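Listed below are the structures to be examined.
The same chain A turns up in both complexes below, where it pairs with chain B and then with chain C.
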Partner chain A sequence: MDTKKILARIAAIAKKIEAEKDFLTQLDNEIGDGDHGINLSRGFKSVEEKLPTFADKDIGAILKGVGTQLVSTVGGASGPLYGTAFMKAGNVCKGKFELTAEDFAAALEAAVNGIKMRGKAVEGEKTMLDALCPAYKALKDGIDGGKNLIDALADGVDAAAKGVEYTKTIIATKGRASYLKERSLGHQDPGATSSLYMLQTALEVLREA
Partner chain B sequence: MKKLINAVDAVEEQMILGLVKSAPDKLAKLDCGNVVVRAKKKSADKVALVSGGGSGHEPAHGGFVGAGMLDCAVAGAVFTSPTPDKIFEGIKAVATDAGVLCIVKNYTGDVLNFEMAIDMAGDEDIKVDHVVVNDDVAVQDSLYTTGRRGVAGTILVHKIAGAKAEEGASLEEVKAVAEKVIANVRTMGMAISPCTVPAAGKPGFELAEDEVEIGIGIHGEPGTHREKIATADEIAKTLLDKILADIDYKGREVVVMVNGMGATPLMELYIINNFVQDYLAAAGVKVYDTMVGNYMTSIEMAGFSLTLLRLDDELKKLYDAPADTPALKR
Partner chain C sequence: MVGIVIVSHSQKLAEGVVEISKMMAAQAPIAAAGGLEDGSLGTSYEKICAAVEEVYSADGVIILMDMGSAVMTTEMVLEDLDKPLVKMIDCPLVEGAVLAAVESAGGQTLQEISERMEESRTTRKF
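Then we have the complex of A and B:
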């Protein structure tokens, strides 16, 4: 994955979030405070405006720039969480203009750990981690088993989609949905859903020759 | 959506500008964003107080900036925490040698954004600490939730910690008295009709004509349960019983706050207060002072919250200390 694809992926995330803004907000209305789509859309719109200034930068600098922009525009919990994720991923891609499958996995791992650290959360609490953790594991297993990035990431996206489904079956213990206790059952987590979108767009961009 | 606004994306800034223009000799807005500070910075030997949160809770928090209360309030988008860079600008603008105490309501977003801002301030050698307000008894405080939410009781933390800071107390002392308020203040709210976030364009939840949501949060987020609407006295009793069961108020003096959620007429708040006073008297709780009005709102939600603060001599004295802010004067 080179800088061009990274920039295309960021633009694709912005487009996807804009398209799904109302759906994400509706999911958040059901178990949260109904602003997830609105906040992410505001943040990624401003990231999109900044994209031209990232054009000649290395991947680490691009991801870090995206993270900083998200932190300063999204607000809510998802701003610091996604912002930290992109900044941490940027740290491990410092100076690189092309990511190998292993680099991509290392970046995703750093992003996931950043979210765990900032949110003091683990898997199974009905959060974005329920999409991201299984996705990372499937991606890593695929790469370790000799798969190329596209195939391994396809496994990761499948695992994330299953993770989103899984959030319907569990009670939230982190974030605002935790107050609902068993009333949060049956609802899919908006954060896990937006995380799935971000992984899906990476795969789509990679598949475009 | 029917609202008196000019443009959805101008709501927060125009609201803050309007607030500042209502008291131009006392308040100022920072150029970097929707950050309200006192027009005249307090002296370097006094602790500065910074609070903030999503917009839509007016007069909280900008309306409580002024002598005896906050030094700075940072407003995010409607119902969305402000971002760390703006909070950091606010902290920097009001920081004194004595330090800065941030008063944060317990929501994951507010806590995360304030923590990042406090890290940034710490990196620049600003002495800064924070407290997290969690007065809402409607939600369970346990390992399995994010903990209780911070709601209208936050205003009493502003008032009392603000008075302590004005006395010239150290950062540790101001923090300690804020923690004392947090340990002694409890709130519970309810709604009879929803509110609409301007950017969303439609109500965040729906209630049937004869239905109310008990234990609702200040963002319209679901509470403990829904039930058929009852009389004002019955609903007030439901909320009060939950508060009185949480900590022991018997024989103690309290401040009562009957807080409107935005679209509740004072007429109804007074009807509720009529019951609250009699009920507390019968329960052996002595009312030291009562506040009735809109302090921590949820845009145009109709409903109310009840707050009880258990007092001791120190809290009483600080509660009575002078304050001069747009939304609270004493």
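Then we have the complex of A and C:
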């Protein structure tokens, strides 16, 4: 994955979030404060405007730039969470213009750990981690087992999609949904859903020749 | 005097907490960082930075937050901010802010105010 693909992926995330804005907000209306789609869309729109200024930068600088922009524009919990994720991933990719499958896995691992640190959260609390943790594990297992990045990431996306389904079956213990306790059951987590979108776009961009 | 910053998703709530705190300690340096730039609900990294700058002195700054992104965004501001003696306190927003304002106006140190505010976590209304 080179800088061109990274930039294409960021643009694709912005497009996907915009397309799913109302759906994400609807999910968040059910168990949260109803702003997830609106907030993320505002954040990624401003990221999109910044993209041309990232064009000749290395991948680390691009990801850090995206993270910084999200922190200052999203306005909800997903700002510091995704912001930290992109910044931490950026640290791992510092100075790189091309990512190997191992680099990609290391970046995702750093992103996931960043979210855990920022949100003081773990898997199983009905958050974005329920999509991202299984996705990272599947990706890493695939790469360790000799798969290429596309196939390993496809496993990761499948695992994330299952993770999103899993969030319907558990009670939220972190974030706004935790105020609802058992009434959060049966609803899919908006953060896990947007995390799935971000992984899907990475796969789509990689599959484009 | 120790500066105080109120971080909230709502501009009105942050300003309201400042208003209540000023009733008992008009001279306390206290700033609101509520809502987004356009006044809508959310927490703004820039507003928090600006509020800390506004009330910052060598005596330090105490920050109180409502929940979720207010806490996480403040954490990120503190990580990026290269200033000593800026501290987040986990306590009831209104009671904590009033206490902080009174103590700050009374010339207490950051450490002394923090300890009193921590106590406010277990103080019952009735």
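Here is the rule we go by: the second predicted complex is superposed on the first by the 209 of 209 C-alpha atoms of A that agree within 3 Å, B and C clash if a C-alpha of one lies under 4 Å from a C-alpha of the other, contacts with A are read in each partner's own complex, and residues count from 1 in each chain.
Throughout what follows, a residue touches a chain if its C-beta (ideal position, glycine included) is under 8 Å from a C-beta of that chain, and two chains touch if they have at least 3 such contacts.
Everything numeric here is computed off the predicted structure, so don't read it as measured data.
Undergrad: Answer with clash or fit: chain B and chain C placed together on chain A by superposition.
TA: The answer is clash.
Undergrad: First (chain B), second (chain C), both or neither: which does A:39 touch?
TA: After superposing on A, A:39 lies in contact with both chain B and chain C.
Undergrad: So, does A:47 touch the first partner chain B, the second partner chain C, both, or neither?
TA: In the superposed model, A:47 contacts neither chain B nor chain C.
Undergrad: Touching A:115, do we find chain B (first), chain C (second), both, or neither?
TA: In the superposition, A:115 touches no partner, neither chain B nor chain C.
Undergrad: Looking at the overlay, does A:79 come into contact with chain B only (first), chain C only (second), both, or neither?
TA: both
Undergrad: So in the superposed three-chain picture, is A:183 touching just chain B, just chain C, both, or none of them (first/second/both/neither)?
TA: Only chain B; A:183 stays clear of chain C.
Undergrad: Just chain B (first), just chain C (second), both, or neither: which does A:25 touch?
TA: Once the two structures are laid over each other on A, A:25 reaches chain B alone.
Undergrad: For chain A, which residues belong to both interfaces, chain B and chain C?
TA: 33, 35, 39, 71-72, 74-81, 118-119, 175-176.
Undergrad: Going by the contact rule at the top, pick out the chain A residues touching chain B in the complex.
TA: Contacts found on chain A: 25, 29, 31-35, 38-39, 42, 71-81, 118-119, 171, 173-176, 178-181, 183.
Undergrad: Using the touch rule from the top, collect the residues of chain B that touch chain A in their complex.
TA: Against chain A, the touching part of chain B is residues 54, 76-77, 79-86, 107-109, 112-113, 115-116, 138-140, 143-146, 149, 197, 199-200, 204-205, 217, 219-222.
Undergrad: Once bound in the complex, which stretches of chain C touch chain A?
TA: Going by the criterion above, the answer is residues 36, 40-46, 68-69, 72-73, 75-76.
Undergrad: What residues of chain A sit close enough to touch chain C in their complex?
TA: Answer in residue numbers: 33, 35, 39, 71-72, 74-81, 83-84, 118-119, 175-176.
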